[in-house]
Amino acid sequence: MFTNILIYFVVIPLVMLGLLALCRDVKQIRAVAVVGSLGLIGLSVYVLLEYLGIRAAGNEDPMLFVDSWSWFAPLNIHLAVGVDGISIAMLLLSSIIVFAGSFASWTIAQPKEFFLWLILLSTGVFGFFISIDLFTMFMFYEVALIPMYLLIGVWGSGNKNYSAMKLTLMLMGGSAFLMLGLIGIYYHSAPEGAPLTWNLLEIVDNAAISHGWQSFLFPMTFVGFGVLGAMFPFHTWSPDGHASAPTAVSMLHAGVLMKLGGYGCFRVAIYTMPQAAHELSWIFLILTGISVVYGAFCACVKTDLKYINAYSSVSHCGLVLFAILMLNETAMTGAIMQMLSHGLMTALFFALIGMIYGRTHTREITQMGGMMQILPYLSVCYVIAGMASLGLPGLSGFVAEMTIFVGSFKAGMADYLAGDGSLRLVFTIIACCSIVITAVYILRVVGKLLFGPVYDNHHRSLTDATWWERLSTATLIVCVACIGCFPNFFNNLINFTFKPAIFSVLGIN
Amino acid sequence: MSATIPVLILAIPLFMFIFLGLAGKKMSHLLAGILGTLGMGTVLVLAYYTAFHYFFSGDPAFISEAGERLQYIVFNQTWLQFTDRLVISLGFFLDPISAMMLVVITTISFMVHLYSLGYMRDHHGVFEKGFQRFYAFLSLFSFSMLGLVVATNIFQMYIFWELVGASSYLLIGFYYTKNSAVSASKKAFIVTRFADLGFLIGILVLSFYTGTFDFTSLTSVPVEGMANVYHVDLSTPNAVLGVFQSSAAPMFMGASVLTWALVLIFMGGMGKSAMMPLHIWLPDAMEGPTPVSALIHAATMVVAGVYLVARLFPLYLMEETSLVIVTVVGAITAFYAAMVACAQIDIKRVLAFSTISQIAFMMVSLGVARPEFHEGLGYMASMFHLFTHAMFKALLFLGAGALIHAIGSNDYTAMHGLRKYMPVTHWTFLIGCLAIAGIIPFSGFFSKDEILSACGNYSPLVYVWMSMVAGLTAFYMFRLYYLIFWWKEHKIPEGHHAPHDQAWTMSLPLIILALISCVAGFIPFGKFVSWNGEPYDFMAHFDWGVASISLLVAVLAIILATVMYRKENSLPEKFKNALPALWDWCHHRFYWDELYMFITHKIIFNGICRPLAWFDRHIIDGTMDSFAILTNKASELIRPLQSGQVQMYVWIYIIGALLLGGVTVLCLI
Amino acid sequence: MESVGSIILYTIVCLAIVIFSVLAVTTRKILRAATYLLFTLFAAAVVYFMLDYQFLGAVQIAVYAGGIVVLFVFAILLTSHPGSNSERLASKRRVLGLIASILMLGVCGYSLLSRCNLFAGKPEMEALDMQTVGTAMMGTGAGQYLLPFEAVSVLLLACIIGGIVVARKR
Amino acid sequence: MEIKAIYYLIPSLIMFCCGLYGFLTRRNMIAMLISLELMLNAVDMNFVIFNRFLFPEQLEGMMFTLFAIAIAAAETAVAIAIIINVYRSVNQVDVRTLNQMKF
């Protein structure tokens, strides 16, 4: 079992949990968190390199490092692992954000308990991304969700009980749909007479889910994951949840957890049920298309920094699901890039907001101003994050959005020319409009918060970032710039998934 | 040609940006400034070398045996691969206009770098706060602009297009503690962003039909009769051929998709080049430091729109409609901006509107260019005007900067009579004014004259219209000139120094640019730049009739300005009172800003965003909350059933049991 | 055919059961109720004897009558003021209870009576010696009850502890 | 005359119904417990009766009763401990007034 490299993505956090339980003081806790998350980064990079090596050698399997161990034989439940480029990208993203998040919560109260829950959450996240067994996947999904309640409820701020409850309940509601969908998939996973399976690859190979069942199970699964992906109208947990969550939790939640939604939508809903995806995508296309502009418009008038970013996340994550539904190679690649990009830059945003809030004790942009003069480092970082968010070339947002737009425009035009209606085309153009609205709200915040005269003279005595804050933000900025400057590397990494014959049924070239 | 020098042209400014941005705070102000200037100087030399090499080396890669200038891709590196054919590459594209733009950009940029060494410090020689940042941003801008002009494909252009937008944003908002600067920068970014939306969609449409982003494929026209011009091998399936085949079928709202694509791309150009109705950001952008206005908002970035249309000119030629739109937008903007410029008080605003007007000239010139009229004279004229305008407008802005630096105000009302105190500035400014007014032998005369001849070839209406605008140009420029340098000077308060010419770092660029403005008209531009690469004799198309008429118009306008503004008199007041509405509208720029304010704040913010946010909080969130409330209420409702009273449970149990038992008994009976 | 003695005994026991049951739930003095309960339990013990389960009858007397009722008496003495009556019941409540009980009686009685011919007389049974009972309780085979026995012993232990904990003075 | 099973079952049923009546009407916790014991006892008797009349060679019913008695004893002990405890804290054993721990 321990010969498979992937299993260590779960083992390392578990070991960290054990060590954290033994820690006596805050220094040891920090050491465990930092060393552990560095270990995870190292592991992801190692897996990435191995993966590239194997691919370079000509291996064309849909997943690599595949392994499976039974843990509940009567229901065929396995701990099945395997990764492709998309999972590796997600693993890399998660480990970086866990690393940055550890630094962002350097001085949190009750560090031991906090990190215990945080690392438990990460265990779920990593487990989710390496699993290819639907049941195990779902289990890790839940492991990732539940700690959120305590993390927000205990370490949060503001109306935290309400937010924590709302977030947990809405996500659990999504899980209910999801579970129904997954069980449905299980019972139709194999042709008549063959043993049923939870294994994604086998399900895809069998392609045994009948058409009628697909059109029932696809919405279930998609909505289930879509709730976590903040799909309109199931997004309202996100503003409240993010606003109340402590910094590192916001980072992890917006940066990684919301990606679980997008990843799941792709990996489970579309991967296993392509026909239904083809036929029913229009419903969700409308919803996600609305999310994109709706979130952006709402962000334009909010005055609380975290709310603004939460709505911005709704918009950006909407774009992820939107692109996935285009069922087009380029757009889907763009969706995954957008997940990476949004994960990093939102984490950066929330880290910065947490740091500013920790100093000024307010998140109202009307109560602040001229931060550039007082906190130059944080302000510059904020501007960079903003620029990434509004899609400045050279930072990650641009490449992701452009890939999505090129892909979805192609899908839309193809539909239009084939006489299949202009829905995709219209929504693509609407989604394109979001780049303008994004610019509006980002520049509004940047102008009010960072520029202009100092609003509150008490703020003049604030000190700029400490070394751990600098490290946390610098890591994220470097990653954002890396994706922005060398997109083709990530493009090729992700793109490979869309090559296999699995996707021929979607009409993807 | 090896790729080393082109790479360096792009890499040095980028490196300077990163270096000054990260390490600038650690070094002294002066060192940062000198490093930036030296870096730019190096780029200047390299760019001149490249352009010289391209035009004069006679290399068969650059010029065919028949003497046609060829497009040459120095290098092209894949940056992002969407599909097999849709690839964004980063490369270096050499053709006549990009080589010319390299020269323009590096020249102006170097002048501005040098000039800023003097400008960005106060009278005691103390450098302004953020001096290093200023040089870092200037380097970023130079990098982006250079990247834009050497783009090998339309997406590379879009990338750098966005980057120049961002660096323009950063530079306009350089004085970020001033609210007006912040909102001006925001406005500039958002307006151009909106235009870029059109650009983006245009690119998407174009690339969908042609399956390529590359300029070489896009601008090669494989049609009989034109093929010999473009040396395109008709046997290979070509991207644009696809456009022809498919655009014949797909129409969209009465126009072919190609027209739509071109108009949308032009919309991007309208935003960057401040064409009406997307011009409103440019006057406000004058909040930035004056050297920035000279570099970005007069000479280089704002002509990006013209450059874009010129770059895609063969495509525009295919669709008559799109060129007509370019012409009409240009003509209206030119007139509008000239009118408004006559009624502005802030000297930088006057220059800004004059910039808009001059760029509109270039647009019109492109719009009227047809191969059948003097082998596309308009195209060459447009590029020529771009070149000369960059020089004299930078000169005017830098001169205005010197004035502002000396006086400390942007209003001409605070200036008057400065010719005695600031002779260098005065003479260079005068040269700039003469150039822009189109007086022989300054550069503006030649370029503007060719634009007017091209217009004349196309349509008499356009010709008359543009001549009128040219007259207005001469009028408002000399109005400005007289108001600044003539009239009675203000009394100098006790203890203040009289205004005086600035340090050599500021004067030298003025003198150099003035010299260029004097002689640039004699460059045989047609030898270098023409729409299809074929050199032709410049003077062969020179129409002395048109030239003399335009000269006459300019002189008349100058005389009128002299009469009205040479000395303080009541004529302007009378004129103003005679047509109060006209003055009012011109002074308020035809209330465009108010209209935009209304649309953005009243309609978009208050009409869409706020209701949506309310809807989100109360309807969507309210629904979700009401699920929770409903659950709570329902549980309140059934909670009494679980009273904890065992007897109650037994009662219910008994009733149930009795019912069941009763049923059983009945069955037994 | 039963002997006359046993029929007489049966009649007495039946009457005792019925009368004392009714009294136990109708008397207003709680101590008396406990006493009537005791009598009822005794009568039940007699029934067990009559059915030849002597051991069970003995247990009934020892545990129920001897143990539980004593507990009751102690509890009553500890929690009520001697001589005080329990409050009068609201007549509506009483009527409702009565109706429910009688309905129950009717339903169950009807179903019993309609099937009473199933049960003929008492079949012969050899005397139950203690060894049989003991083996049944301690064995693990079919019809042997070691597991419930152990479970009950654990339960009793838990009850002892629980009782102590609950009733302990703070 | 033969004493049939039904002759034993009827008194047992009456005992049960009495217990039921008591349980439904009484307010005193001890009285309720007494009624409960009556019902339990009635059930025990039924076990024994059915065992004796239907399967005399087996011991299931008897064993059940035996265990039921043991459990009843245990349950009563705990119940009474609780009652006494409640009485100590609120000086009451009336179920209607004992509603502070509700919800």
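Labels A, B, C and D are assigned to the chains in the order they are written; within every chain, residues are numbered from 1.
Keep in mind that, in the parts below, a residue touches a chain if its C-beta (ideal position, glycine included) is under 8 Å from a C-beta of that chain, and two chains touch if they have at least 3 such contacts.
The structure presented is a predicted model; accordingly, all values stated were derived computationally and were not measured.
Shared contacts of chain C and chain D, meaning chains that touch the two of them, come down to B.
Chain A and chain D, compared by their mean Cα positions, are separated by 61 Å.
Centre-to-centre separation of chain B and chain C, using mean CA positions: 101 Å. Look at where the CA atoms of chain A average out and do the same for chain C: the two points lie 67 Å apart. Here the CA centre of chain B is 94 Å from the CA centre of chain D.
Of all residues in chain C, those that touch two or more other chains are 100, 104, 108.
For chain D, residues touching at least two other chains, in rising order: 20, 24. Of all residues in chain A, none touches two or more other chains. With chains as nodes and touching pairs as edges, the resulting graph is of another kind, matching none of line, ring, star or complete. Interfaces, counted as pairs of touching chains, are A-B, B-C, B-D, C-D. The touching residues of chain C, when paired with chain B in their complex, are 100, 103-104, 107-108, 110-111, 114.
If you check the complex, the residues on chain D that touch chain B are 20, 23-24, 32, 95-96, 99, 101-103.
In the complex of the two chains, the chain B residues touching chain A come out as 78-83, 86, 88, 155, 159-160, 162-163, 166, 169, 173, 176-179, 182-183, 185-186, 189-190, 193-194, 196-197, 200-201, 204-205, 207-208, 250, 604-605, 608-610, 612-613, 616, 620-621, 623-625, 628. Within the complex formed with chain D, the chain C residues making contact are 1-2, 6-7, 10, 13-14, 17-18, 21-22, 24-25, 30, 33-34, 37, 40-41, 44, 47-48, 51-53, 56, 59-60, 63-64, 67-68, 71-72, 74-76, 78-80, 86-87, 89, 93-94, 96-98, 100-102, 104-105, 108-109, 112-113, 116, 118-125, 128, 132-133, 136-137, 143, 145, 148-149, 152, 155-156, 158-160, 162-164, 166-167. Per the touch definition, chain B reaches chain D in the complex via residues 639, 643-647, 650-651, 654.
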